[in-house]
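As written, the chains take the letters A, B, C and D, and residue 1 is the first residue of each chain.
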Amino acid sequence: MANKPMLSELMKTHGISRRAFIKYCTSLASVMALSPAMVPRIAEALENAPRPSVIWLSFQECTGCTEAITRSHAPTIEDLIFNAISLDYHHTLQAASGHAAEAAREHAMKEHYGKYVVVVDGSIPIKDPGYSCIAGISNLDMLKETAAGAAAIVSVGTCAAYGGVGHADPNPTGAVAVSEIIKDKPIINVPGCPPIPVVMTGVLAHFLTFGIPELDELGRPKAFFGESIHDRCYRRPFYDKGMFAESFDDEGARGGWCLYKLGCKGPTTKSACATVKWNNGVSFPIEAGHPCLGCTEPDFWDNGGFYKPLSVPAGDYRKLGLAAVAGGAAAGVAGALLAKAGKAKAAKAHETVDAHDLEKSS
Amino acid sequence: MDCNSPNTKKTSDIDDVLSFVSTGNAIPLLHEIKHALGQLLENNVTSTIDLGAIPFAPGDERLLDDVLGIGEVHAALAVMGESHVRETAVPGVWRIDHFDEDGEIQSRFIEITFMPDILKTQRTDAETGLETLSQRLNALDDNR
Amino acid sequence: MSATLERGLNALREQIDAPVASFFSSCVSCGLCAEACIFYRSTEDPKYTPIRKLDLMRRIWSREFTLLGRIAGMFGLVKPVTDDDLKEWETLVYDSCTMCGRCSLVCPVGNDITMMIRKMREGMSASGHAPVELIGAAERHTDKGSPMGELQPALHAQVKHAIAETGIEIEFDKPGVDYMVILSAQEIAEFPDVLAAMSRIFKKAELTWTISNEAFEATNVGIQLGNRDVARMLVQRVVDAAEKLGVKGVISPECGHAYQALRWEGPNLIGRPYKFEVIHIIELLDKLRGEGKLKTKGKNSQKLTFHDPCQINRRGGINQEPRRLMNMIAENFVETDDAGTMNWCCGGGGGVGANERAEPLRHQAFKLKKTQLDKVEPEAIVTMCAYCHHTLDNVLEEFNMEQEVLGLTELVAEYLDDDLNDKNAAGADA
Amino acid sequence: MNNPAFDLLMWARGPAFDIALIVFIGGIVLRVVEIIILGRKKDMAPPKGNPVAQGIRTIFSRSAPREGLVKFAPITYVGGYIFHLGFFIAFFFFAPHIALFTDAFGVSWPAAGRVIIESATALAVLALIALTYSRFTDPVRKALTTFDDYVVLLLSALPLITGYVAVNKLFGDPTMMMAIHILSVNALLIAFPFTKLMHAVTFVMARYYNGTIQGRKGAES
């Protein structure tokens, strides 16, 4: 696996023309939100990219991220990007198993110490590390051990990036994100449940060409997570015109109106879904008629109900409101009674006067 | 609800409404194109505008198509999926749409140039072509 | 017994009710009441902003009638009201407010500021901060039956005079008649012609009426002073006399606050409805006109305008009645700007006219009315309040204005279609 | 890992909103009950007009200015109308706000478009600036103005401004701005019963009482 041909060689052997490669680079630039002027540089960098060894660690996860990334129907240049890396360990995909598999990981770590890339999907339980083990090694230990010699870590999926579903309340396993454990390595978060495959390859492409991309405060590449879904949503004009679907089966829903009132989290969710879309650009949740769940955001499971509009209070405020009415009424009665007592006292103290009592004696 | 029930009138109504929905981004974009065309003529500078980088609604799309129109050249490329290179009715302004092998849109550009680069034969491809041609000629020689 | 701070504060406490609480809760200190106030508009001094005149009452409300104010008071955020405060407010509450009620009509949140000034004066008077003139008038009214002192002899003389003039008998203390007439001290002293006018009109309309020796005074200084004990006592006199005579109704004369006192405050002061009705003389005249019992002949050819007394129109609800009468007898009736409900006060109402130190301010305030009068240039001003009449007479002289002021009742009588007018007309022809 | 902006947003629309709502509702009920229980004596004077009918009519009719007065306080009148109308439109016709009412009461009504909402918001803010300016410059208003008034002006402006910034993403992280927007609304809710903001409820009572007092006399109100 170690002596893979360079990308240009690969293209030649696959009969891919330079023109196709330029087309890919152009589209890649568009996906990464880079200027079209950058295309020549991308092409050059991709051709001469080093081929880092990649160790893929899967912890508390559903394999959805791996599924997503391997679900390309047609062989594309994305495949080539993957071919350009040396995936030395991925316990779901690799042929080897058991000791042989672990040996491959240890070998890669030793061979490429300080240079390999660790890709993680899944959260890490820390309440009891024994909740999730691979080959008898707890996730926590394996992450620490593997991360020690890594050049960078890519946390793929919301679980690895932010804890995800495992971290959701009440978090029985004490699941945490990679960044909670590893503090001394650059970490690129590629959240999403799962992340868009093109985004994953785009990040890898960026890493191969220009190194670690510019990240936002949540460790996400700005190129893909710089703007909210709401801002890029093709249904945004309906929002601006005040046209909303009120249920999943009304005129608005059929007419493709804005899904804000059905709980769409687009306004607070940063992701490229609305532009890059899913399944090779076929569609994305909102286009399919479902509000955005906000899966690229930390704690999206617990950020209010999926079908609750963002502007709606998250708590059980109705009961509280009724309690407040009762409490306010009680306090009001108390206050009024105090006031009335004062007034009654004043009335009692009232001595009928006549016109001769209106001047001060002094 | 029966999702397959044909309700064509309804759908066309919706399309009609949608086509009027716009973000207002088309007009500034057209001005940018005009400026770029001026630059091309004055300083021979080509420009590329990534349509994926601008929020566009169907109404914007319609306006852009209406204003630019369809020109004389239309090239269909077969490069890992189709690509379409069309000159608009405003010569010097080209529309380039890249599709992947499933026929889904990959990226879309407007190029302001005398000749889009993607149409030109790449040097390495020509080199490969030379090799290929040589091999084929050799094969002919061998078979002779 | 004498006035003290504690009695003043208690009096204010007694006055605070749900409307007051809702008014203070609603004020957003927008300042629009100032634009309606005759004293602010004529001086542009912000201290005359109506709602500010109530600040002491607001503080008591806040400190003692709201739970939150109580708490704020504990932290010293709402200061208690002191005697010095009341002293400082005296001129604001008595000199610069005629209780004209314009502010209550413009307040966007609907605060009846005028009603609160009335309440505020309860506290002011009980704490000994009422103007001496008003206290003096109250004492005279209590002891001698009228704010001007002993007026009974004068009244008898005027009645005699009226009988002589009209040839129609006027009987005192006659039970079982339709109406008991009461008069304002101003009418008895300055405008006694109203007696003859009423006498003739009622005769023609076949109404029976009388005057009580026990209660002929209509004014009620207790209302202006802001003292409900005094006001109640004065109302009670009229009520007792009327109920003793068993009259059908009491005619409230051309006097603003007298109408306010007897018609609207009275039943609440004595705590029960009357056994008779109270009707304003102009209301009655208009009613007679409507029933065809009041007919006139000829019209006044002068250019006439009408001055609305605040307590009778804006605060009393008598607006169209005088206008219908005016149209019956005036050939050239012109209205000033803001005529009717939003008419400017003459400047003398609410006890301000009796208050000597308020005179310069009162004159200043008249300028607003003057501007309106100058615009229409009437030859005479008709009104239906003897005190407005009195104030206008004085102030017109002060400003060297030529107009004559006329009482509406007298003016109507002048054109009454009766024998006396026929005789006079015949005399004039001859 | 947490997103501090989203955590703040969740706190703002969660516990903070709950607290604000309790204070808001409890406070309003407290103050209204306190006023109503004070009561007023039955009026013994036989009515000339219809007090109750006029009281109810005045609740609405007093929304119009008294003729001829606007020119004496143009900023107060025009600014006042624009602010109240703008705030009303922005508050009741912006879809996310309607969603709140739908959630709470199950009622819904058509939303206004962005142009209307944003114009209303901008105008309301401009009106508030003008009203604040006149509190500094108009002698009457200056003399009446207390600390309370400035607090109220600020608290009314903040939700408008932060809402505008959050929706238009003018600056700051949009999620953070949304959180700040909701927090500013919470602040408004909490302050409501304890400040002059209370007039938005009690004006109904005040106008009604004024109307009944005048209506009994058959006088205008």
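Convention: a contact is a pair of C-beta atoms (placed from the backbone, for glycine too) under 8 Å apart; a residue touches a chain by one contact, two chains touch by 3 or more.
Since this is a predicted model, take the numbers as computed values, not measurements.
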### Query
Farthest from chain B in C-alpha centre terms, which chain would that be?
C
### Query
In terms of CA centres, which chain lies closest to the overall middle?
D
### A-C or C-D, whichever has more C-beta pairs in contact
C-D
### Task
Return the distance between the CA-based centres of chain A and chain C, expressed in whole Å.
77
### Query
Taking each chain's centre as its mean C-alpha position, how far apart are chain C and chain D in Å?
38
### Query
In whole angstrom, how far does the Cα centroid of chain B sit from the Cα centroid of chain D?
53
### Query
Using mean CA coordinates as chain centres, what's the chain A-chain B distance in Å?
32
### Summary
In chain B, the residues touching two or more other chains are none
### Message
Quick check: what residues of chain A touch more than one other chain, meaning two or more?
### Response
231, 241, 331-332, 335, 339, 343
### Task
Two or more other chains in contact with one residue: find those residues in chain C.
16, 65-67
### Summary
Pairwise touch list, complete, is A-B, A-C, A-D, C-D
### Query
Inside the complex, what are the residues of chain C that reach chain D?
16-23, 25-32, 34-36, 40-41, 44, 46-47, 49, 51-52, 65-68, 104-112, 115, 263-268, 271-273, 277, 313-319, 337-338, 341-342
### Summary
In the complex, chain C touches chain A at residues 1-4, 6-7, 9-11, 13-14, 16, 64-67, 70, 125-126, 128, 130, 132, 135, 138-139, 141-143, 221, 225, 227, 229-230, 233
### Message
Looking at the complex, which residues from chain A come into contact with chain B?
### Response
12, 16-20, 22-24, 26-27, 29-31, 33, 35-37, 73-74, 76-77, 231-232, 234, 236-238, 241, 249, 254-256, 275, 280-282
### Query
Inside the complex, what are the residues of chain A that reach chain D?
161-163, 176-177, 179-180, 217-219, 228, 231, 239-244, 246, 258, 260-261, 267-268, 297-299, 302-304, 308-315, 317-318, 320-321, 323-325, 327-329, 331-333, 335-337, 339-340, 343
### Task
Spell out the residues on chain B that touch chain A in their complex, using ranges where they run on.
1, 10, 14, 17-18, 21-23, 48-50, 52-53, 55-59, 77, 79-80, 83, 98, 100-102, 104-109, 117-118, 121-125, 128
